Every structure is written in structure tokens, then in C-alpha cells.
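Read from first to last, the chains carry the letters A, B, C and D; within each, the first residue is number 1.
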Amino acid sequence: MGKQEIRYAAKVSLDKPAAEQACLHNRWHPDVPFTGTIKNGEVVKIECVDWTGGQIGNNDSADDVRDVDLTKVHYLTGPFEIETAEPGDVLLVEIQDVQPFQDQPWGFTGVFAKENGGGFLDEIYPKPAKAIWDFEGIFCSSRHIPGVRFAGLIHPGILGCAPSPEVLATWNKREAELIDACSHMSRDVALPPLTKSVHAGSASEELKAKIGKEGARTIPGRPEHGGNCDIKNLSRGSKVYLPVHVNGAKFSVGDLHFSQGDGEISFCGAIEMAGVITIKFTVMKGGMGQLGMKSPIYIPGPCEPQFGPGRYIYFEGFSVDEHGKQHYMDATVAYRQTSLRVIEYLRRYGYDDYQIYLLLSCAPVQGHVAGIVDIPNACTTMGLPMDIFDFDIAPHVPAKKMDLGSCAYASS
Amino acid sequence: MGKQEIRYAAKVSLDKPAAEQACLHNRWHPDVPFTGTIKNGEVVKIECVDWTGGQIGNNDSADDVRDVDLTKVHYLTGPFEIETAEPGDVLLVEIQDVQPFQDQPWGFTGVFAKENGGGFLDEIYPKPAKAIWDFEGIFCSSRHIPGVRFAGLIHPGILGCAPSPEVLATWNKREAELIDACSHMSRDVALPPLTKSVHAGSASEELKAKIGKEGARTIPGRPEHGGNCDIKNLSRGSKVYLPVHVNGAKFSVGDLHFSQGDGEISFCGAIEMAGVITIKFTVMKGGMGQLGMKSPIYIPGPCEPQFGPGRYIYFEGFSVDEHGKQHYMDATVAYRQTSLRVIEYLRRYGYDDYQIYLLLSCAPVQGHVAGIVDIPNACTTMGLPMDIFDFDIAPHVPAKKMDLGSCAYASS
Amino acid sequence: MGKQEIRYAAKVSLDKPAAEQACLHNRWHPDVPFTGTIKNGEVVKIECVDWTGGQIGNNDSADDVRDVDLTKVHYLTGPFEIETAEPGDVLLVEIQDVQPFQDQPWGFTGVFAKENGGGFLDEIYPKPAKAIWDFEGIFCSSRHIPGVRFAGLIHPGILGCAPSPEVLATWNKREAELIDACSHMSRDVALPPLTKSVHAGSASEELKAKIGKEGARTIPGRPEHGGNCDIKNLSRGSKVYLPVHVNGAKFSVGDLHFSQGDGEISFCGAIEMAGVITIKFTVMKGGMGQLGMKSPIYIPGPCEPQFGPGRYIYFEGFSVDEHGKQHYMDATVAYRQTSLRVIEYLRRYGYDDYQIYLLLSCAPVQGHVAGIVDIPNACTTMGLPMDIFDFDIAPHVPAKKMDLGSCAYASS
Amino acid sequence: MGKQEIRYAAKVSLDKPAAEQACLHNRWHPDVPFTGTIKNGEVVKIECVDWTGGQIGNNDSADDVRDVDLTKVHYLTGPFEIETAEPGDVLLVEIQDVQPFQDQPWGFTGVFAKENGGGFLDEIYPKPAKAIWDFEGIFCSSRHIPGVRFAGLIHPGILGCAPSPEVLATWNKREAELIDACSHMSRDVALPPLTKSVHAGSASEELKAKIGKEGARTIPGRPEHGGNCDIKNLSRGSKVYLPVHVNGAKFSVGDLHFSQGDGEISFCGAIEMAGVITIKFTVMKGGMGQLGMKSPIYIPGPCEPQFGPGRYIYFEGFSVDEHGKQHYMDATVAYRQTSLRVIEYLRRYGYDDYQIYLLLSCAPVQGHVAGIVDIPNACTTMGLPMDIFDFDIAPHVPAKKMDLGSCAYASS
């Protein structure tokens, strides 16, 4: 008698290329082979690599961020067969814990170069930059952004079940249409299927080629299954309800984050890490119909860091861009402005802009849609928790400027 | 000795048309005459009419919502001269309390007709509708949306200082450019100055005409001063830091809400009410420069209703619209989808869609920008507090459908 | 149609002695005549005098506290007949709001003289003292304790239903036995029935005399009905479940507090005030049996001030008294020591001990029973919210001593 | 470059008797030899055995609880030399994490037999009983108490620095005086030094004998250093400020709890477990004087489970005991009554009393001192979080009785 250690459904190696590990894959496709079976009701541990598959080092240069190969990211662990799951069911995923590996207690936040990845503010901040975060228990701090320290709201950036062939076809069609419609834009608006660097677990070469041609890229979250939704609150104790589109669900998970802010604005913006997630899986038969579900829903866990409502400074942004142009009800423009307002504010303590850009990406900032009906201005807000700083950032005047070092930059 | 009753800086009448009351106005313009003077450091009470100036009745028909005259709304109380305030200062507005009038313990939430006002979901829900909310102390409930009851997060929808002539000119120019650029759209994208129904407090007819020609409409919040930002968290105990653009600040406030959800999606979406707000005013000399402030910032109060993170159901939405069209990183589209996901969910208990649309507009739902960098999909979420319902709305299956009545509709 | 103003079930006068007002009384007895009737399910407003019935003034001397007539306190409003309530039922009291009178926006906290009232620390702090608190909306501050300002956790100190004759007899018997058993102690251990200063509402002289002889004093809370439980969390939005012992319940309420700390240690320790409480009454038939209820239970409201767990400094106290004597598992001794630890700590900022004693009585400090099984030491804790201070009280060293004035003392 | 794995300052074996491990000890005495050295500012991991040193098994019988050898408990890890620490300093202990051992994911809660250990309610519940708790990530549940599941507020029951010879002499004198004074009582009131089962780490036999004769037992917390304070909130992220009495501090820690309720009422009441704690140590020179510190203080961490104030049912208890006897201001009696009120309430769902007694000991219940000045009744409260139950325990009537199994009992 006695509780046994929780079973590992998959283990990864940090010493072997992700592309060579059969329990990993980097495309959404119904034909990626199962990497294991999990019982309905079972609790398992699943190991995950970091989202760059180890391309980023614990050092003081952003050269690795500048040079990152973005076709070799988002290696997910799975897909797992969840017994009894069928299309139309809902898979309840209870996240019991997420932990970094004990022997690798650090993670990173990056700003990609505008020409290799970019990010939400890349028009203004085009240079690559990086911050390394050290973990001490539930806390993290960075030598690249002195003066802050906070408890992680640790979570997976990506989780979801595989698309059915029909769902996958829908994705490919609508994203291709967007690419067509936006051919005038100077930037990528979506990522079509790509045969380069495909990894499809234990698939045969033939199957792998097929998956490369058809498989959905992992960057965007998508409404039908969630995927890379990058929701900071899918943390310890949360419950996620996922639509099931194929027999056995084909559940995958990856892209673990020690912490992230709403929006994950610098793109590689969370504190990216390798580690292990503990999940309980439960199949809700016929759940999609009964819950009227088109997209995942979730309930956060009870242990999120709580600062008290009065311990946030909130910044407002509107849909007037940095060139003074009025946009119509554009919450994306508004949120970009909101982010810039925080950067302008934190400068007064001595941070440089890239430090703040990195910080807002990974610290638990609250991004809200405030007003979305008052034409022509959408209004969004960003709440910055004061208690993550070890000095007082309340809006007293005047403030004392400090020497707050520098984040890592690329060599020139 | 002894504390005196707090001074009223302005009182309104609910029996007299708003347009005839000298302490009210409905345009932003630097020349609207002061309606009183408030000392730096003083605490005062300010009475406000509801945002329709009394056009909506406590009854079971939405005819009044359908027929509302939208040129006669947003009567603000003010502008007040705040002693010592000058351009470049920051006006700290501490909201000590907000209360409905004791003898008018009710408010309303409306869905405007698509052809007269519209709202965030008017393509899908074009009909006028209404819910009346009764107040009992800090709580409200509605005969039109049975099964819910919640504490108000009571706040002003509008507060701000008057624009300078330069700021006003900027507004008029950029919004006119938007109107020009969007002339192909079948809907209003902004509201240019309008001479009809101008109210400029005690202004002479001549001045009033000028204000009508130049004055900014009150519907949008604007980055330079806040205004109609419709931020639900500017509630009891919050501190709002406002840029000052003219001598004496010319502060105005109005559009009190008993409660509102993030986004205020049905436009007339908060629980609109008349009442009184208690404010402490403090001038921070040179604050704009010292805080690097381009738009207002605020700190919420300590007494917001707290449900615990695990008492929210969160719904996800992505920038793929209801016709299946993929949009590029459009948080507005995503938030509309998020709202629709909640409506689809709550149907299963027996609510009709308009009831839910009204509810999401005014109950304290949390609207978050979750992911804004994963091309092409922006992801937003909406958190619905379970504890405002008097039955269990957790995602158990199956659910029991109930008879949950109806909101008020217009006669046909 | 339309919501009417909420009915006042009782109004009091602040200009007339409490003893002359028929809607007030100051004894618990089943025969105090009803002062009005309230329907099952009804919401009413009830006005209350402050607990000294107006003996304390808004001034800078504690002479009134020193000389207070303690036979003329605790005038309760009621008793009210709640329709359909019978012995064995539970009366659900939903506190929708509590407010001070608008024209009397202040309250007081007192330390009674050891020889006239005393308090939890009167062996150490025997002198009378006082602080006056000014109310500004939901906040209060005191000229007698500079540097603090906080939102009130506003609540009634006393509420309950009348005892039956049997319950009253039990009270009188067991408290008399205590008085007998403690006759060697130099201080009052309980307050037996007293004919002096009896007020029994509209009772005839004969009945009043009977009530004086038999009626229970209002100072202690008692398990069978609650009464003067002085629980700080019975605030806006809370639900209190009260045992019913007589037909019609005979519900009374009074002793309103703008704020109180756990323990209310200085006895007259809350911020005492006159005002109005809004309550919804619901009878739960047979509730006592079904809930297994011997004493009241309650559910706090959702809007209590929330500071975040990391914004409290907690102090520990053990059952070793200030003379170094070891007591056996005595949580009362432990809590006294805990209180002293906070006083010793706050001295370093420049407060004098009486200021702190007053502050801990009325600010929302959290008093916890931590360990109660580790012989011989009970351990209790007191959590002091840092955010009520306008300077930083975190345990950094060293601290800067300030001039923090003085509370009100009595003339000598 | 790169963060290294955090150093283990001590490792324990679960396969070897605690009494044979040199890094453990079970007495407080200034002469227990150091088991290692930790730098000022260093973060280390420290392994701990469970408080019975492995006497309790993961099974369905309480025979082991009944027969437990209480002289062989409370094996602490340490004492550690903290570099630079001297008497008069304060040792800041930041608890970065606490975890059970991965291969031992379970713990236990016990009710000791009245004649072997006893507990807070042993007059009423004299029998031994036990519940085994299984851990799944941050959550625990028990086959012996179905229907509950909650996130652990994981913490050490014991931490503190060694007493100086003077402090130790004070302890021995005052506890001996209590034993003398209470010789008429039928139960142990304190535990004097005991030579049996002494473990003093790597001490020589001679030193061990001395420590046996003089050393303080570990059961009680004591004001001068904290020790076994059993404060549930010393969890992940908390900061504890400890007085230093000897050179090098001689810090020890142990008695890890996965969760505990305020009071830990069944004595072996927390969820006892073995595991590892991660701590950062910082010496505050001269801190005792500067903080006016006589007993430890602490600041809780930001990640405590947050249920929202309205998600607790609070029960009231007064200082009238279960025989109807009135006690004078006795918070211990009041808290016992409060505990009984919760037991009486939860019976209605089908739990037996021992199950509830166990549950209140280990679930995160909030025990408050409510009123401590209203003679003769102290009033305490206990808040029971509703969200730890998987059925609705709100005070609706009637409730449905369920089959809720049984805890483990001893064979007869």
C-alpha cells in the first residue's frame, strides 16, 4: 500500500537535439504518431524542452537571440493518446504542478531582431536583446534587470489536442487567404506549412514529408483547439477544458514559461525554460456540445500571486498610434500604446527601454481591455505590480534615478 | 471643532432638463466656463446626472432605448477650477466614494439599436434591449436577468481635464482624417463637432456656438486626458493621475456607473445611474514631466470585490471572425469572439442572448489581452465570476435549463 | 413602476437622549416590546446611535472618555418583529450596507481608564486616551494618529435576536456562578443585571423594572445568540445566520463601527459611530436543527479591503506573560503578548504607546490563533497591514524616527 | 557561466533511523554541534524527515498513531552556522520553496490517543485516528476524508535559532514552575528535560548526556526564538525574522507540513511529511535592538491560496465550555468551542466527527481572535474555505447526507 511516485509519460534529454527525440514534434497534424497512452483519470508527469530547443545560452550576449533559427522552435511533447477520448468530447486538463528542472534553474526572455522574429514593439525596438533569469524556489531575478524579483506564475505556453483533417484544412485555407490578402505588407502575417525542419516524432520519412506539407505551424494559437495561446494564468492548479477533434485526443504540451505578462509582448517574451508538468486528464463525453464549446475555456488555480488591487499602477492606452494617427477601435494599437506608456514611466528610475520591454513581457502584468465601444478609441490598460520591485515605484515626484545596469545585447 | 459635512461643489436636479443646468456641459472645450472652484487638497462631493440625462425609464420596455436622442447624452458636471493647477501639472483625483441617489436606487443597461448607437456585437444583435437594475446597498439585481446579483464596482465612466486649444485642434484634425479615410464604411467611425444640442454650462450664446463648432464630442476617451475611458476599476478608493492642459485644470466628471464589465460591450453597457461622487483633489506640480506622462494612470482601490482566482471561468477568443475569416493580430476581433464564446456558454442555463449580452456589459467580467505576438492570431480572454450567479455555472455536464425570463425589448 | 426608496424601519435622533427614544433599548430580555415589524424577505434601513449614546465629543481631550457613564451605553435599535420567525428558525441577516450619517462624518476610538472600563492592556496602559477619526467616503484618518489612513471595514458590533426566558435564565445563572467563583479577583469578571439606567424601549415602568432585574447586560457576546460579538468582518455584503429563540425573533442591532481590529483590544476600541445599516431579513424555517447550529455563523462580504498576503507584517506572541510567567495554553495571554510586540515595533517610527494601542484596536489587523496544542505555549499572531501607513513600515533597519504628534489625553 | 544547481546544506535518509543521522537533533541547546556552515546571503536546500521520524505508515490503521513513541519525534535538521551572525542580530530566513520528496508523495494527519499525546479536543475525542493524504503537485486529497481536495500551504512547523545558556535557563525555570504549580492537574502541562531518546547530532556521549539533562524539548514554540510555532503561513515566499542568541545563530528547521489549519488542533494535526526546504539566509546586524524584537516576526508570501472573503463560512465560539460553564475571557476555551461548532455543522453531510477533527487540523482554516474585551466572553472564529470541498457546503437547508467513508482507526 502507499502512494507511488507519479508516472512519467515522457522524458526528454537536454543533451540531445530536440529533432532527434521521438517524444517531441513541431507541427499540428492528425497523423503525428502517438508517443504514449494515458488513462482517463490518470495523473502523469511530462517533461518538456524549452521553446528554442536549447538554442539560447545562460550568458551576457544576445548574439544567440539575434541568430536563432526560428524553424527549430516549439518542440512539443506528445501527442498522447488519452483513452476513451473521441471527437466532440472535452478533455479536462488539470495542471497540478509545473517545475523547472532542478539542475537547470534558469530561463531567458528575449527580444528578437526585427528582421528575425520581431515582436510587438519592433518598429520602435528593432534590436535583439536578452535577459537571463535565475530561479530560487518560486522566485526569479535577473542580473540583466536589477531591482525586480517575483514569484513565477509558471505555466505551459502551448497545450492542445490535434486538429482533425477538416480542422487542419480550415486553418490552412484561412491563413493562406490572409497571406494572399496582405501580400502588400512588408512583414509576415502568417506562417504557411513548411517542409524545412519538420519534426513529427516517430513518423516515417514519408509521413514526416506529408506532415511537413500539410501540418500547421505552432506559432499561433487557434480558436478550435487553443495551442499556443500564451495565457499566463494556466498555472499551478488551473483547469483547462480542451475540445477533442480526433480519437485519443492526441494531446501535446510544451513551451513552458516560468512567468509571463499579458500579451507576452516581446514575442520570446515569457521566461522560457525546460521542465516538467504534472497533469491530470479527464474525458468529458460529449462535452463540446453540452458546453456549447468552440474554443477552450479554463479556470485559474487558487495560488496565483496576489498583490491586492491597490498594489498595481495601471497605465492607459488608446487607439491613436505613436505617429498621432487615429485608428478605429483598434485594441491592438491601443495595447501597443499602453505598453509604451509603461516604458516611458519606468525610464525615470534608470532602466533603459529594452530592459523594460523585456520586463513587461515576462513579469505578471495585467493587460485589460477597458473600453471597446467608444468610437473611435479603444482603450486598454496594463497593470504593473509594484511589489515585484525592491524600490518604491509609486507615482511620487520626484523620483531618484539609479544605475540599473543593462540587459544583454548582441555584438555589433 | 469637529468635522464638518463635506462640501458639495455642485448639485444637480433630476427634475429639470440637463441642458438647462449651468453646472453641466456636454463638450470638451477649453472655453467652457468654470462652474466652481476647488482648493488644492480639498475634498468635495459632486452630483452627476445619468449619461442619458434621464431619457431612460424604470419600466419593462426598450422603446426608450430604441428612441434615445444620442445628441443629448454625456452631460458632465463641471468644469471645476482646481486652484494652482497649470499646464504640465498632474491632477491627482482620489475617489473617496461614489453613491447612487438614495431616492433613486436603480439604474439601467441598454443595447442600442444598430441603427441608433449600436454596440460591439451589433452585427449579430441589432435589436434594442434593456435591463433595469435595483440597488440594495452595495448590491444590485435585475428582474430582467434573474439568477444574478453582485456588488457594484461603482465608478465614473468619464473624468478628465479640459484640453488646451492645441490639444483640441489635434483631436479634431486626427478624427477628421479618420472620417475621411473611412468614408467607404457604412458606419460612423468618429463623431465630429456638432452644433446640435450643445450645452456649455453658463456660456453665452455666442460662446456656446463657438463651442459647438469646435468642441470635442464626449463619446471617446482620448489619450491626452482620459475622458470617457470607461475603466471599471476607477472605483471607491482609486487614485487617478490626470494630465493638466489649461490653467485651473477645468476638471469634469460624469457618466456614473454602478458596475461595468471590461469593454462595456453593449455601449450603453454599464449600469448607468445618477448619483454623487466624493473626490479629493491634489495638484502635483510639474507632474507630467516628472512622470513621463502622456496619458492618465491610476491605482485601483483596496476594496474591489474579490472572488479568488479560482472562482472565474475564462473564455478564449482569437482573431478569426464569426464568418471564419482570419484577421491579422486584431485584438478587437478577438475580444468580440471572446464575448460570443461566453454567450454561447451561458445559453445552456436558459438565458437568451440579449440577456447575456447585457450581463457581460455590466457585470465585473475581466477582459484580458492574453497573447498579442503569435501571428496571425491575437488571443484575448474574458473571465466570468461564478459567484455573481445564485446557481452553479461551473462547467459540469450536463446542465439544467431553467426558465430565466426575458430582458426588456422594444415594441414592434 | 420603479424601485422605491428603501424603507426605514427605525430612525433615531442624535439631539435627544438615547434613553428617551422608544426604538432603543439597552438590555437583552424577551419582554422588550417590539418597535416595528419587518416582513420575511424585506430590506430595510435601521438607524443606530453610537455606543456611548453621544457621550464622546469631537475634540482633543480624553476627559469625556475618562468620565464616561458605562451604564449608559450600548443602546440598540429594536427589537423588531420578523414575520413568521419562530424558535428553532434561523434568521438570515444580509448586511447590504452600513454608512455613517452624512452630517456626522467622524467617529472615535477610546482607551478607558483602568478604573472605569479598562481594556485588554490596562495593567500596562491604565490612562484614558482618545483618537478622533474623520471620514472621507470609505476612508478614515485621525489628527491624533498621523501617518495612517485606511478604508473602513464598516460593520455593526452588536446584532442578535432576543433570548427566550430559558436562555436568559441560563445566562444569568452561569455568569452569576463566575462572579461567585472569582470573588477574590480585584476586577469585574461579569456584569450582572442592573436596575440603574435600564432602557427598555416603550415598556411600561413596571415592565422596565422587571427587565432591569432580569435582563442581560449587552457587553458580552453570548454563544446562544451572538450579540456583542464584535466581529470586524460582519461588513458590507456579509451574511449572518442567527438562532431564533422567541416568536418574531426580536432582532436588535447597534454599536456601529467604521472599522475594528481583531480583538478590539482597547475595549472602546473600534471606530465608534452613529449611522444607518441596510439589512435584508430572511427566515430559514427549522434552520437551527438543520444546520446543527448552537451559535451564529456568517459568510463575509466580497468587498473587504484586500492588501495581498505579502503586505502584512505578522507578530508572534506566546503564553508567557510580561512578568516572565509561563501560562498553560492560554491564548488570551498569548494575544496580549502579541499586541505588545506590535507596540514595541511601531515605537521606532515615533508613535507613543497609546497611539499604537488605539490604532491596533481599530485598524483592520488580523488576529490569528496559530498554534494551540504545543504544551505549554499557545501561539497567536497579529497581522498589521503595511498599506494603511503612508510611510514604509517594512522591517528594514535602521528606521527614521518622526514627529508623530499625540493622541488625546485627559486633563490631570 | 550559468546558474548552478542550488547547494544542499544537508541531506537526510529515510531508510536510516533519524537518531543515527548526524545532521539531525531533537533538543534546543547551545552546545549541539554545528552540522554545516552557510554564508550570509546564501541560498541552500535542506532536507528534513517527518516529525515522527518515520513511525507512521501509509495504511488504513491508526495502530501506529496509537502506539507512537513521542520521545522520538521532532528531529530537526541543523544546527547550521550562519556566517557573521552574532547575538543581537536578526536572521532573515526567506523561504523560497518547500517540497515533499518526489518518491514519497504522501503525508499523514493524526489524532493521538488521549493517553498518548492527546490533542485540543481529547476530552471529547479520546481515540486515535489517522488520515493519509496523497499529493498530486500542489494538491492533496485523502481516501480517508472523501470530498475534499486543496492546495497545500506548505511550510515548516519548526524553525529557529538555538537559545543562549541564559535563555535556556529561563525556559527551564519558568516551565518547571508551571509544572510545580499545576501538579494537581491530571495531564502534562509542560515537558521538562528528558534524557531518554536524546539526539544531539554529532555530539560526544558526554555532551549528549549534558544536552539531555539541560536541553529544551521541542514541542512548544517559545517567545525568545520561535521554534515550534506551527504557523501555517510560513509558506513559499514568506520572510521570517528570527532573533539570534548565539554566535553563528545555530539555525535548525524541521517538521515540514504540506498543510495546516490555524491551531493545528489535533496536535499531530498538520499533514506531516518529509521533504526539502529552500532558504535564503541574511544576517541583519543589530536587528533585535533596531526592530525592538522580543519574538520572531514574519511576512507571508504572495502565493497563498486565495479563496475570496465570501468563500469562507465562519463559525463563532465563546468562552462558555461544553458543560455550560462560563470562563473569564478565555480565548482557548472559546477556540475549542469554535472548533466544535464546525464539527457539528459538517456532520450534516455524512462525515463522522473524527474525520472533521482531522480535517480542521490540516486544511487551511482561518482561526481568528474576534473579541477579547467583552467580559466575560472571549469570542473566536474559524473560517472554513468552501472551495476545498467538491460539493456545496453553503448553509442552505436542507442538506443531503452522503456516504463519506471513514478515517483510519486503531484496532481494538
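Criterion: a residue touches a chain if its C-beta (ideal position, glycine included) is under 8 Å from a C-beta of that chain, and two chains touch if they have at least 3 such contacts.
Model, not experiment: these values are computed from the prediction.
Undergrad: Hop across touching chains from subunit B and tell me the fewest hops that reach subunit C.
TA: 1
Undergrad: Would the interface of subunit A with subunit D count as same or different, where same needs over half of all numbers used to appear in both copies?
TA: Homomeric contact, same residues on both sides for the most part.
Undergrad: Quick check: more C-beta contact pairs at A-B or at B-D?
TA: A-B
Undergrad: For subunit A versus subunit B, what separation do you get between their C-alpha means, in angstrom?
TA: Centre separation, subunit A to subunit B: 32 Å.
Undergrad: Would you mind pulling out the distance in Å between where the CA atoms of subunit A average out and where those of subunit D do?
TA: 39
Undergrad: Counting in whole Å, what is the centre-to-centre distance of subunit B and subunit D, each centre being its mean C-alpha position?
TA: So the centroids are 50 Å from each other.
Undergrad: Two-or-more-chain contact residues of subunit C, please, as numbers and ranges.
TA: In subunit C, 237, 301-304, 306-310, 387 touch at least two other chains.
Undergrad: Within their complex, state which residues of subunit C touch subunit A.
TA: That would be residues 306-311, 387, 392 of subunit C.
Undergrad: Which residues of subunit C touch subunit D in the complex?
TA: Subunit C residues touching subunit D: 90, 119-120, 170, 174-175, 177-178, 182, 188-191, 219-223, 226, 228-233, 237, 241, 262-267, 269, 284-287, 290-304, 306, 308-310, 312-318, 320, 324-332, 334-335, 337, 341, 344-345, 347-348, 366-381, 394-395, 397-399.
Undergrad: Across the complex, what residues on subunit B touch subunit C?
TA: 1-3, 5-6, 43, 57-60, 95-97, 102-103, 105-106, 132, 134-139, 151, 236-237, 278, 280, 301-307, 387
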